[in-house]
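Pasting the structures in now, so scroll down.
Two complexes, one shared chain (subunit A), two partners (subunit B, subunit C).
Moving on, here comes the complex of A and B:
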């Protein structure tokens, strides 16, 4: 029991530290892509601590303050269902993959609640875009997960990870159990959806600075902005970890952390070389090729099972 | 509490529009003067229903510094350091125009070498302004790699300016009768090697931006200015050429060293966002060719013919209109002299006036919020020269 409490307390801290580290190193990599030096990799920690130490000057109401807290809480609960590589998560049961899909939505909904109270059109447009985008990428993503469930005959993330397990050592590569090789089409679809989930270009309409002046963050400052940054870091960890758990076999810690980082960096480099879609175009994009690919992935899975 | 009720009252007053427009989606949206997606000290007030703009109103005037009036209070030479402040991204055209106007009024001859040096400076400024434009346009579409690259490359041009004139942005280099000093040693060599670098760089820009499928998807058919509209709103410069009209002051009424230079007037046909960017991108290569020719043909000799004692310099009575082709369009100066030490009236025709206010309002109507800032940047609006 005590270990469980320790786990519940430590998991968010580890995830936040990892998420912020990924953002920090990512900023450095993007800077090099853009022929700049970039900030040091620990800059994100400094910024977050500074933001958390600040006083909040103004508030637009109770829900304006509650929104970010609700979002953060949603992300922290989600975290308890995500296996840290091959280590089992705190909470796990049959069907938790469906629950996680619901829990991931709580963070944007919490933000929407807070931002809506602020009544700044920039924030409202940003949240409307965010929810539209969610509608866009969730359909192909859920279908990709559906093919995974079909293939592994389980709806528990921990069991999906176990089904891909092999003996891990530095000399022996057991990656061939990965679902990426078994279900390549679904893995590609999931990675395309991950780009939208992470909010990287071409799907960063939510915070588009030149269009809506950073969208949801525009009214927030101080602690609440810090909470949003932390929430973003948590989300980066949760989403990349979910992808690695499901498609790259989880694996031991020394594999899991670099793998999540690589997934993040891949999406970040795509982010560095592309402009952004209009929100309508993004919706059309996701309901076009990825959706068709996801359906093909399901058919492929059914054929493979036979 | 009292304040809160007052705030609520004002919010309700803001809601009056809502009943007028009879739509729950109606709202007023401000882009600028404090907004990342604005081209400078400028604003646009938008009325939107959902994501669609139903009315746009340009809101200039934040940068009005009364240059035209100020110039009437100063002696002719005192205006030389002032005029370049009128347009921030491309200040050199102002110096060239002011000097040309006074030379036409007084009849001071400009040495041939000075003409060439002035043209070199103008073309370098054009390259720098285009690099600025590419970066700005790419940033509005969300690609932040290109601005970092192109602003970095622009700095190499500014380095050369610094070596030539001692300043990076406001050069105060051209003056009536010629230019302030001769080219430094090895300047043309450095310029030539920079041009070769830029030729390679523009190919890299192609790969990341100009040839990108997503760029074409975002920009084709957006914010179309057709031929009739362009003439009706008296649009000039690259925006006009993007609509398919081959009008370039450098070709039609050549000034300085342009009569000796061979170059093509670049046009595109569609007049949309994409054409406006591509016209400038192709002109960038044409300008590199112009600069190479200028370096080859550069004559030797004096760079400045003396003007009279400036404290007692009475310019002959008369008036003159001079114009040059800037990156934003036709830049013109109308100078009236009453025969005294100070100009009677100087009118500046800023190129952004035509496409920055009336045309912008027309173009933005019916657009999506995501396209507002890109369209503004694609027109290359320079608010300082609207306000003067």
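Moving on, here comes the complex of A and C:
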């Protein structure tokens, strides 16, 4: 129990370091896709430290400053309820997947308050788009989770991870217990939704640098921007860890970290080759094929468990 | 101290008369009298040493029975607890004498409704409540047209209730509520549910709600939408429970849910979703809240329709949550309208620095509305989702989840368009809303946060109700709720969030230099110099891209459907009129001969028998 509390205290730091590392390596990979040399993999650490070291801070108001803080706090509390693979369940026995689904939105909503007080229309448009995108991907995603709950008879993430635990040896492949193999259609749907959650192309309407000048980030600079970058890193960790825990069985540390990384890289490679949807098209996309697939996935699950 | 429900109702009516008389002489002292008396009434209803006794009296061979069941005690607390808070908000608007009089009469008739255990007195008090609330709806001249629709729907509901009651009497020769014969009668079930679906503004019969909520007096809207609409769920539980969940199951089951309940759940889900879509597209702050109210009551119907103990717990929990946050949101908005004299969202903006307390309370309100953890909104959402997961109703889950995500959208729009963005130049001299609006909203937001930390406290009352209705209770402690699938710890998740927030905030205070404050003009505009910050307001048609996507849905309107049905009837009668009154004398003669012949023939046939 005490060790678990220690883990819980360490988890946010580990998540920040991992998230920043993923972004850094991701930049390199995208550069190679576009036939550039690209920055070194530790560039993101340097950038973040530089941003946090900036001296001038300009603010539009109290909630402008509190917004990023609320966002960071929201992200950190969320990641405490997502187990770190099967290595550390953290606090996930005290709250289940429905709680996590709602804790996840604290960060964007907190940020939205700050962005709103920034009184820049670009930021407001970005937030409006972000919430619409959320409306788009949450529906198929919750149906994918529904099939998981149907299959495992529990909403607790820790128990979902446990239900996929298998022997770890060279002879036996751990993956046979993964829910990806038990529920392939739902896993595909969840991965499609992950693309929107991470805000990678074709679903980067929220940031859209060419249209709305980086949207929510438009008024933030210096230390605030540094906090937002950290929040983005945490966000990447949260979404990928959720996917790995549920569909790839969590696993010990040496599996969990590469797994989250490869889930991120998959969505990044898709990001590297696609253009951007209009926000309306994104909604239409998510409420079309992925939704139908999710329903088929649930029917498949119902057939399987019978 | 012991007294009966009759005494309570008489005292409330008396308080109304006293307030009206005082208000006739002096508006302000009338308001204060109203406030003090309402606090007294709430105290009487809440104080545990006061026992409210049942009462019954017989006229002829019929007995009227008034008794407070566990269910009605819950609603009594809700109504009498909200009443003084809403009355407090009226103090600065200084309404006329009859306003308070009708307000007290509404409370009296509501208490009559929830305590009556026989059908006739239930009908009597329910209709009285509709009548008085109509009289308050038309308190403002602008609401007369909307009030007409309100009373019309009220009359339709009342007639349906009366028909249902007569049908029950015809079947059982008794006006008692606990009758066995009801089992298997679709007609009574429909007739006795319709008035409450109207009261809750479920989707096909919601047409009264948006306009009535928009046009009625601002503070009264809080009571109408936050409190009175809950009589709908009370009535549904009151009547449906008579059939019993097992009796209802006799008609067959879908996904382990009684068919009738399944239909109600779908009505609720569709109401929740379409209401949310309309809310996020509306350009008027009260209309937004009105559609949000319609949408939120849809969740209650979903929980109710699932007909499991989790579902009913979710429905009752959401009843409590929605009562608190919607009353509060309407009161806050009433305060803002009181200062700005406009309800248009596009005429507001940037008020955060002018109205900080209103902003904070509205913030807590929308967090509860969105169902996000540090508030009690999450617990009710949690129970409803668990009920849906437990019964494996995946399509309903999808629709309800879409609705609750759409709630984020209109909640953000509400707070953004009023408080965030650049300050409108026309609002430069706005002051904070007066204290009578702020105090009740602060009290209510305190409850929202407190029950967010201790979600098990309201659940304890709800468990009592469930047990009195013969259902399983939900496993819970003060801080946790657990179901067969999972559970959550409200205190842990909320306090961790607050403490992490506190740590980061302290770090921010230590590490960050003092911020340089910049004004609205100092924003990134791609090099363009902005002199008029009003042009930077992103407010009207906030979700225009969604208007494009939901175009078909917006075009579909129930009002148009009713108009079309009316058109069909008009056409039919027109055809009939043209057939009968064609202006040809020969035709009339033939018609007379035909009718006479029919009579003669039928007489002859009858005679032969």
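Everything below uses one rule, namely that the second predicted complex is superposed on the first by the 293 of 306 C-alpha atoms of A that agree within 3 Å, B and C clash if a C-alpha of one lies under 4 Å from a C-alpha of the other, contacts with A are read in each partner's own complex, and residues count from 1 in each chain.
Keep in mind that, in the parts below, a contact is a pair of C-beta atoms (placed from the backbone, for glycine too) under 8 Å apart; a residue touches a chain by one contact, two chains touch by 3 or more.
Note that the structure is a prediction, hence the values are computed from the model and not measured.
Trainee: Have a look and say if subunit B or subunit C is in touch with more residues of subunit A.
Mentor: After superposing on chain A, more of subunit A is contacted by C.
Trainee: Using the superposition on chain A described above, determine whether A:212 touches subunit B (first), subunit C (second), both, or neither.
Mentor: first
Trainee: By the touch definition at the top of the document, which applies to A:279: first (subunit B), second (subunit C), both, or neither?
Mentor: both
Trainee: Just subunit B (first), just subunit C (second), both, or neither: which does A:23 touch?
Mentor: neither
Trainee: Looking at the overlay, what does A:144 touch: subunit B (first), subunit C (second), both, or neither?
Mentor: A:144 sits against neither subunit B nor subunit C.
Trainee: For A:127, select first, second, both or neither according to whether it touches subunit B, subunit C, the two together, or no partner.
Mentor: Once the two structures are laid over each other on A, A:127 reaches subunit C alone.
Trainee: Based on the superposed arrangement, let me know which partner A:107 touches: subunit B (first), subunit C (second), both, or neither?
Mentor: neither
Trainee: Tell me the contact category for A:257 with respect to subunit B and subunit C: first, second, both or neither.
Mentor: A:257: touches no partner chain.
Trainee: Across the two complexes, what residues of subunit A are contacted by subunit B and by subunit C?
Mentor: 119, 121, 125, 213, 278-280
Trainee: Applying the document's contact rule, which stretches of subunit C touch subunit A when the two form their complex?
Mentor: Answer in residue numbers: 350, 352-353, 363, 367, 370-373, 378, 381-382, 385-386, 389, 392, 394-395, 397-398, 401-402, 405-406, 408-409, 412-413, 415-416, 419-423, 480, 485-489, 492-493, 496-497, 500-501, 504-505, 508, 511-518, 520, 522-526, 533, 536-538, 542-543, 545-546, 548-549.
Trainee: In their complex, what parts of subunit B are in touch with subunit A?
Mentor: Within the complex, subunit B touches subunit A at residues 11, 27-29, 35-37, 51, 138-145, 148-149, 152, 208-209, 212, 214-215, 217-218, 368-374.
Trainee: Quick one: which bits of subunit A touch subunit C in the complex? Just the residue numbers, please.
Mentor: Contact set of subunit A toward subunit C: 55-61, 63, 65-66, 69-70, 72-74, 76-77, 80-81, 91, 94-99, 102-103, 105-106, 109, 112-113, 116-122, 124-125, 127-129, 131-132, 134-135, 138-139, 142-143, 146-147, 149-150, 153-156, 159, 213, 218-219, 223, 278-280, 283-284, 291, 294-295, 298, 302.
Trainee: Under the definition above, what is the set of subunit A residues touching subunit B in their complex?
Mentor: Against subunit B, subunit A makes touches at 33-36, 119, 121, 125, 201-202, 204-205, 208-214, 272-281.
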